[in-house]
Amino acid sequence: MDIDLRVIRDLLETALREDIGSGDITSDSVVPADALAKGTILSKGDGIVAGLDVADEVFRMLDPKVDFRKLVSDGEQIHQGQDLAIAKGSARPILTAERTALNFLQRLSGIATMTSQYVRAASGYPVKIIDTRKTTPGWRVLEKYAVRVGGGHNHRFGLYDAVLIKDNHIAAVGSIVDAVARARERIPHTMTIEVEVKRMDQVPEAIKSGADIIMLDNMDVDMMSQAVRLIGGKAVVEASGGIRLEDIPAVAATGVDLISIGALTNSAIALDISMSISTLERC
Amino acid sequence: MDIDLRVIRDLLETALREDIGSGDITSDSVVPADALAKGTILSKGDGIVAGLDVADEVFRMLDPKVDFRKLVSDGEQIHQGQDLAIAKGSARPILTAERTALNFLQRLSGIATMTSQYVRAASGYPVKIIDTRKTTPGWRVLEKYAVRVGGGHNHRFGLYDAVLIKDNHIAAVGSIVDAVARARERIPHTMTIEVEVKRMDQVPEAIKSGADIIMLDNMDVDMMSQAVRLIGGKAVVEASGGIRLEDIPAVAATGVDLISIGALTNSAIALDISMSISTLERC
Amino acid sequence: MDIDLRVIRDLLETALREDIGSGDITSDSVVPADALAKGTILSKGDGIVAGLDVADEVFRMLDPKVDFRKLVSDGEQIHQGQDLAIAKGSARPILTAERTALNFLQRLSGIATMTSQYVRAASGYPVKIIDTRKTTPGWRVLEKYAVRVGGGHNHRFGLYDAVLIKDNHIAAVGSIVDAVARARERIPHTMTIEVEVKRMDQVPEAIKSGADIIMLDNMDVDMMSQAVRLIGGKAVVEASGGIRLEDIPAVAATGVDLISIGALTNSAIALDISMSISTLERC
Amino acid sequence: MDIDLRVIRDLLETALREDIGSGDITSDSVVPADALAKGTILSKGDGIVAGLDVADEVFRMLDPKVDFRKLVSDGEQIHQGQDLAIAKGSARPILTAERTALNFLQRLSGIATMTSQYVRAASGYPVKIIDTRKTTPGWRVLEKYAVRVGGGHNHRFGLYDAVLIKDNHIAAVGSIVDAVARARERIPHTMTIEVEVKRMDQVPEAIKSGADIIMLDNMDVDMMSQAVRLIGGKAVVEASGGIRLEDIPAVAATGVDLISIGALTNSAIALDISMSISTLERC
Amino acid sequence: MDIDLRVIRDLLETALREDIGSGDITSDSVVPADALAKGTILSKGDGIVAGLDVADEVFRMLDPKVDFRKLVSDGEQIHQGQDLAIAKGSARPILTAERTALNFLQRLSGIATMTSQYVRAASGYPVKIIDTRKTTPGWRVLEKYAVRVGGGHNHRFGLYDAVLIKDNHIAAVGSIVDAVARARERIPHTMTIEVEVKRMDQVPEAIKSGADIIMLDNMDVDMMSQAVRLIGGKAVVEASGGIRLEDIPAVAATGVDLISIGALTNSAIALDISMSISTLERC
Amino acid sequence: MDIDLRVIRDLLETALREDIGSGDITSDSVVPADALAKGTILSKGDGIVAGLDVADEVFRMLDPKVDFRKLVSDGEQIHQGQDLAIAKGSARPILTAERTALNFLQRLSGIATMTSQYVRAASGYPVKIIDTRKTTPGWRVLEKYAVRVGGGHNHRFGLYDAVLIKDNHIAAVGSIVDAVARARERIPHTMTIEVEVKRMDQVPEAIKSGADIIMLDNMDVDMMSQAVRLIGGKAVVEASGGIRLEDIPAVAATGVDLISIGALTNSAIALDISMSISTLERC
C-alpha cells in the first residue's frame, strides 16, 4: 500500500501554519519577490529514505508551480552525501517550506531506517516485523507508511479496525473466553480478535476462546517457544514487549509469526537530511 | 512559561480521533458500560517527566468526570517503578484514552530527559541549551515546552516571531549588511535579527550589519573561540550544527551564549511509561 | 457496541448550524427569553426506537441545562401514541433544537424498524442480517448503529478496515488468486479479505485464493445453495444483491452466514415522531 | 436555482473521509498505481435523475484528472438500463470514489423521483408541491435542490430565513396577533411571517394578525376549503400534515396555494444506480 | 432579537487564537499562576453600549471560572467614566482575554452609538434606519446585532435570505419585469423580492413587476418624494446611497419606509472602552 | 513585507460563506448560467488603495477562471473616479463575490489612507507611526498589512511574539525590575521586552530593568521630552495613548522613536469603492 496524500493533508496544513504563523518575516522582508532558487535535498547520513512525496506536497502547497524532482524513491538505501531531490522555482516559497519538508523527511526516513535494521535482523525467519499504536499523535498513518517503506508490516491502525483484548479488558469481564465471545457477537464479520497473554497458563484459554491472534506479552524466549508449540497453528502468534534489536534472531527462532516493536515509531533517530540552495537568475 | 492547554487542544482532538476513528470496538464490546477502573501511570525508566497535564486533559476530553491525580510534577526526576499519576472513573473512557495519553507522556518526557542531559553537561558555564525548529510537525509548542521542562530554553517559535538570515537569504540579496538592513526596515521594533555565519570572514560583516544575534554554524571549537572574541559582546552568540552531548563542555568553554541542539526534538528516545489498570466495583 | 456520541459530534454541530444559520428568528423574536417549556416526544407510529441519546445530545448542545428524560430505551418496540422522552427547560433552545432532534430520531428509528423486519424474517436460521456501505454520506457510524439497534449486524465500516475485492479489482490484476495474494501481502495481520463472486465458476478460485469471506452477488437461491456446499465452511459466506424482505427465508435456507441489505440504510421510511410542547411558568 | 457546489463542499469532504479513513486498502493493495479504468454509471430503475454534478465533483475531488461526462442532465426522466455518465481515468481514484458518488446520486434521484410523483398528482391545479425542514441533517441544501429538480418548490431553508409561528410559540406569548406583532417589529423588512393554525377558529385571528402566509395543519379537506374561502386571498395558504400521494388531487382542489410534504426528504426510496467498470490499457 | 452566542463562537475562537498564537508570553512568564485579579471595564466616552455578553463569553472561553458581572445592559446610554462590567478571577486568563474582549466591545458599541444618532435624526418620522451588507467580513451577525441595539433595523442577512435585483442583474436578463418573474418562479414562497431603481422611469416598471420592495438608489430628495407618490403603497420603499446623518430628516420627510446606511457598519468610530485591573490576594 | 494570501485564506472562506450561506438566490435565479460580465472596480473617493490582491483572491475563490487585472497597485494614491481593477468572466461568480471583495477593499484602503495621514504629519521627524493590537478580531494580519501599505510600521503581532509589561503585570509581581527579570529568564533570546510607564518616576526603574523598549503611556508632550532625555538612547521609546492626528508633530518633536495609534485599525473610515458591471455576450 502506498501513502494516500489526501489522508494526511490536514497534518501538512497544520505543519505549515504552525511554522509560518502570521508570515515568514525573513523571506518576505529579505528575499525579492521575483527571486528564483534551486534547492537540492541531500542526505548527510546512511539509511532508507521515506517521505519524498510528502516533501513534494509541502513545497507544492506553498506554490503549485514549484518543480520538484525525485532522484531516488522511497525505500531505497541512500548514503551520506547523496542528492535525493531537487526543488526549483520561486525562492520565497522554497525557503519558507524548507524546514517543514525536511522535518517530515527526516523523521520518516529515521523510522524506515530503524525498521530496516529490525527486518534485516529477522531475515531468514518466516516472521514479520510489525509496528504498534505507540506512534506520534497526529502521525499514525504516516509513521505506519514509513514502517512499510522500511520493510516492516503494520499492526491495526487504531481502536476501530480490530479487537485487541488486554488483561484490563479481561479483568472487567471475568475470563478470556467470555471477553472474546462478547466481542465476536458484536463486531463485523470482517474483523478479527487478538488476545494478549502474559502467562503460560493463559495460553490454553486463549486458544479455547477462538481468538484469531494471540499476543505473547513480555515473555522470555523459552516461554515463547513453549507457547508457539501449544498454539500449534490454531492462531497467529505475535511476540511483544521490550524486544531489542539484538533479541530479534532469538525471538524469531521461537516460531512466532510476528514481532511488534514500539520503538520503531517512538524512538527512531531522525536521519540527517538538509537542503542546499543556489539562487538562479530572477524571473 | 507553563504550557497553555488551550493552544494544543486541536492536536489532542486530532490524536483522539486518529486512534478512536469510528469507535473503540474492544472497550465498547467487551467492557460493561458501568464498569469502573483505576489506572496507575508508572515509569519503567529513569528521567525527567513532562506532559502530565496533557495526559490529564486527554482523559478528561473523553470523560470530564475522570478523576486524575498527579503524584509528581513536570520537571521532576523520576525513577524506574515510580508511580506518576492515577486516573479513576468509568472504565471505558480510561481504556480508550490510555494509549493516546501515554504517547504524549512518553515523547515529552523523552525530550525533557534528553534536554536535561545537555543542560547538565553545560553546568558551570554561563550558556543556555536551546532548541531549534527541527520539531515534529504539529508538535512545535508542546516540544518546546518539554525542552523548557528539561531545563533548556527556546529558540524562536516559528518563521513569524524573529528574523533568522541564513546563507541562502544572503545569496539572494548580495550581502549580510544589505540583508539585515532590508529586514530591519520592515519588521516591528519588537523583533530581533539573527544572522548565520559559516566562515570566519563573515563574522566582521555580521557585526557591522548590526545583527542582534550571530549564529556560528558548524564551526570547530577554535573558530568559535575566535569568533566570540571578535564579536566581543556586540551581539549574542549562538553555536549550532551537529553538536553532540560529549562536545558540550568544550563548546561551552568557548564563551558562546547559546548552544542549539536539533536532536532534542527530532531524535529523543521515548521514556518508557505505562498504565496498569485495576477494576473497581461497578457503579 | 453502543454509539459513542463523541464520534458524531461534528455531524450534530453541522446539523444545528445548517438549521439555525444566523439565528432562529421565530423563537428569538416571539418567545420571551425567560419562558420555560416542557416538550414531550411521542411516536405516531409503531416500530423500534433508535437515537434517543442523539436527541438528548442535540438539546444539550443548545443548552446544557435542558433536562432530558428517556421513557424508553433504544431498541424497544414502541407504539403509536407512546411517549418516548421529555425535555424540560428554557423554551427557546428547546424550540430551536426540536426539528433537528426529531430529524435524527425519525431517520434512525426508521432504519432500526426496517432492520428488525428483516431480522424477524430470518428468525430460526443461523444467519445474520448485515448492512452495506450504501449509507447516507456523513451518517455512516450513526446508521450502522441503528442497524445494530434493530437487531442487525454491521459489515465493514469503510474502505479502510477490511479488504473487499470486487470484479473490477480482479479485472485490474488478472485473477482472484493474484488479487487476494497481493492484498494479503500488504495488509495488517488483523484484517480479513472478502471476495465477491458473481458466477459459479468463480467459487472454486475464490476458495483456492484463501479469502476469508466469499460474497455471492446477485445469485439466485439455487446457485447460492450450490455455492454454500462447494465452499463447505472454508470461508464465511455472504449473500448480497437486491434481496427483498420476502426473499429472506429462502435465502436464509441456503445456509449462507450473512445476508446484506443496502435498503436498510438507503431506503428506510422515517418513523413518524413528533414533539408536543406545553409552556411552564416563567423562571 | 441550480445547486452551488461550493456550498456543499464540506459535506463531500466529510463523505469521502468517512469512507476512506486511513486509506482504501483494497484499491491501494490490489490495483496497480498506473491502471486505468472507465466507469459507466447506469440506472437500474425508472425515475428522475438528480445529483450528476455532485457525482462529478466527488470523482474530481479524488483526482482532478478524472474525465467525467454526463449523458443526461439532472431533471430528466431516466429508465432502467440507461447509461447516465462515464468517468474515465486512473483506476484507483475511480474505484475509491465509486460508492460515495453513487450514494449521493441514489439518494438525490430518489427524492427527485418521489417529488415528481406528487407534482404529477397535482397537475392541473394552481398549487405548488413544497418540501419541509424534515430533511436529513447535513443535507438540507442538497435535498432541497433535489426537490426542485423533481419539479417541486422549496419552503424556507432554515430557522433563519423566514418566521414560522407554531402553536408552541403562540402559547408562549398569548395570541397569534401578539406573536405576529412581536416578530414583525424585529425582523428585516425582507422577511415574511407564516402562522400555523390547527383549528378553524384560529383562521380569523391569523388573518387579522397580518401574517403573510397561513399554514393549515392536519385539517381535513372540508376544513381546508372553508379556510381558503375565509382567507380569501389575504394570505398565501399552505396545506400541511400527513398528506399522502393519493390525497393530493383532493387537497389541491380546495384552492390552497401550497402543499408541503415531509416524506419527500425523509422517506424517499433510493433510486437504484450502479457503476460498471472496464479496465483500460495502463498508462 | 437577541444575539445568539453559539452563532458567533467560531469568530470568538478565531479572535483568541489570532491574539494568543503559541501563548501569551507576558502573562505566562510574569504573572504567577495563582494570582487573582479584578478587572473593571469602564467607558472613556459617551455612547450606546453593545457587546457585553460577547465580552463575557470571551473571558469565560479562556477560563469558565471567571466571574463576569454586567453593571449595564446592551442598549443603554453610557457616559465617560462609567463602569460597565467587572471580571473577577484568575489573573492570567483575565489579562490574556482583555484586549480581545475590548476589541469586540469597542467596535460593537461604536456601531450602536452611530446607529442611535441616525435613529434620533429620524425620530418623528415613520421610517426605519436599516443596515446593509457593507459589513466587516466575518462580523455580519454581530454587526447587525449592534445595529439593532442602537435602535436600527436589519436589511437581509446575506445573499441567501432575500432577492435584491440590481441594475446588473436586470441588464443580464433584459427587464425588471422579466428579472422579478424569473426570481419569483424559483424562490420559496417565504422570500421577498426587492428591486433597485436609479432613475424615475424605472419606477413604473418596478411597480408593474410586483416587487415587494423598491429601493431608490442615489436619488435626490425631490425624486424620492415623487417616487414614493408613484409607488403609493404598492411596495415598501427603501432610500439608499450615500445618505449622511444631516440628510436624514429631509429623506425621512419624503415618506420612504426605510433608509439604509452603509456607514453604520463600515465607518463607525470605536467607542473608547478600557479595562482597569486591580490585583487581589492570591488564591 | 508583502501580504501572504495563504495566511488569510480562512478569513476569506468565512467571509464568502457568511454572505452566500445556502446560495446567492438572486444571481442563481435571475442571471443565466452562461452570462458573461465585466466588472470595473472604481474609487469614489481619494486615498491610498490597499487590498487589491485580496479582492483578486475573492473572485478567484468563487471561480478560478475569472480574469482579474489590477490597474493600480497597493500603496498608490488614488482619486475619485479612478478605475482600480477589472474582473472579467462568468457573470454569476462575479456578482456573487462583488460585495465581499469590496468590503475587504474598502476597509483596508480606509486604514491605509488614515495611516498615510499620520505618516505625512510626522514627516521630517525620525519617528515611525505604528499600529497596536486594537484591531478587528479576525483581521489582525490584514489590518497590519494595510498599515504598512499606508507607510506605517507594525507593533508586535500578538501576545506571542514580544513581551509587553503593563501596570497590571507589574502590580502582580511587585516591581518593573522583577517583572522584566522574570520575563527575560523565560523567553527566547530572539524576543524583546517592552515596559509601559505612566509616570515619570517609573522611567528610571524601567531603564534599570534593562527593558529593550519603554512605552510612555498617556503622557503630555513635556513629560515625553523629559522621559526621552532621561532614557538617553538606552531603550527604544514609544509614545502611546489617545494621540490625535493634530498632536503628531508635537509628539514627534519630543524625540520618541515610535508613535502608536489605535485608531488606525479601530476607527478608520471605509474608502468608498464600488463596482460597475457591464454584461458581455454570452459564452
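Note that the chains are named A, B, C, D, E and F in the order they appear, and that numbering of residues resets to 1 at the start of each chain.
Simple rule for what comes next: a contact is a pair of C-beta atoms (placed from the backbone, for glycine too) under 8 Å apart; a residue touches a chain by one contact, two chains touch by 3 or more.
Since the structure is predicted, the reported quantities are computational estimates derived from the model, not experimental observations.
Under half of the residue numbers at the chain A-chain F interface are used by both copies of the sequence. Same interface as B-C, judged by over half of the contact pairs sharing residue numbers, among the pairs E-F, C-E or A-C: C-E. When the interfaces E-F and A-C are ranked by C-beta pairs in contact, the top one is E-F. Rounded to a multiple of 5, the Cα-based rotation taking chain C onto chain F is 180 degrees. Ranked by separation of Cα centres from chain B, the top chain is D. For the pair chain D and chain F, the distance between mean C-alpha positions equals 44 Å. Note on chain placement: the centre of chain B and the centre of chain F lie 33 Å apart, centres being C-alpha means.
Each chain gets one centre point, the mean of its Cα atoms, and the points for chain C and chain D are 21 Å apart.
Residue positions 1, 20-25, 28-29, 140-141, 157-158, 160-162, 164, 186-187, 191 of chain B are each in touch with at least two other chains.
Taken together, the chain B residues at the contact with chain F in this complex read 1, 128, 130, 148, 153-157, 160-162, 164, 186-192, 194, 212-213, 236, 238, 257-258.
On the chain A side of its complex with chain B, the touching residues are 10-12, 14-15, 18-32, 35, 37, 91, 95-96, 99-100, 102-104, 106-107, 110, 133-141, 157-165, 167-169, 171-173, 179, 182-183, 185-187, 191, 242, 262-263, 266-267, 269-270, 277-279.
Touching chain A in their complex are the following residues of chain F: 1-2, 4, 6-7, 140-141, 157-158, 161.
Those residues of chain C lying in contact with chain E across their complex are 16, 20-25, 28-29, 33, 62.
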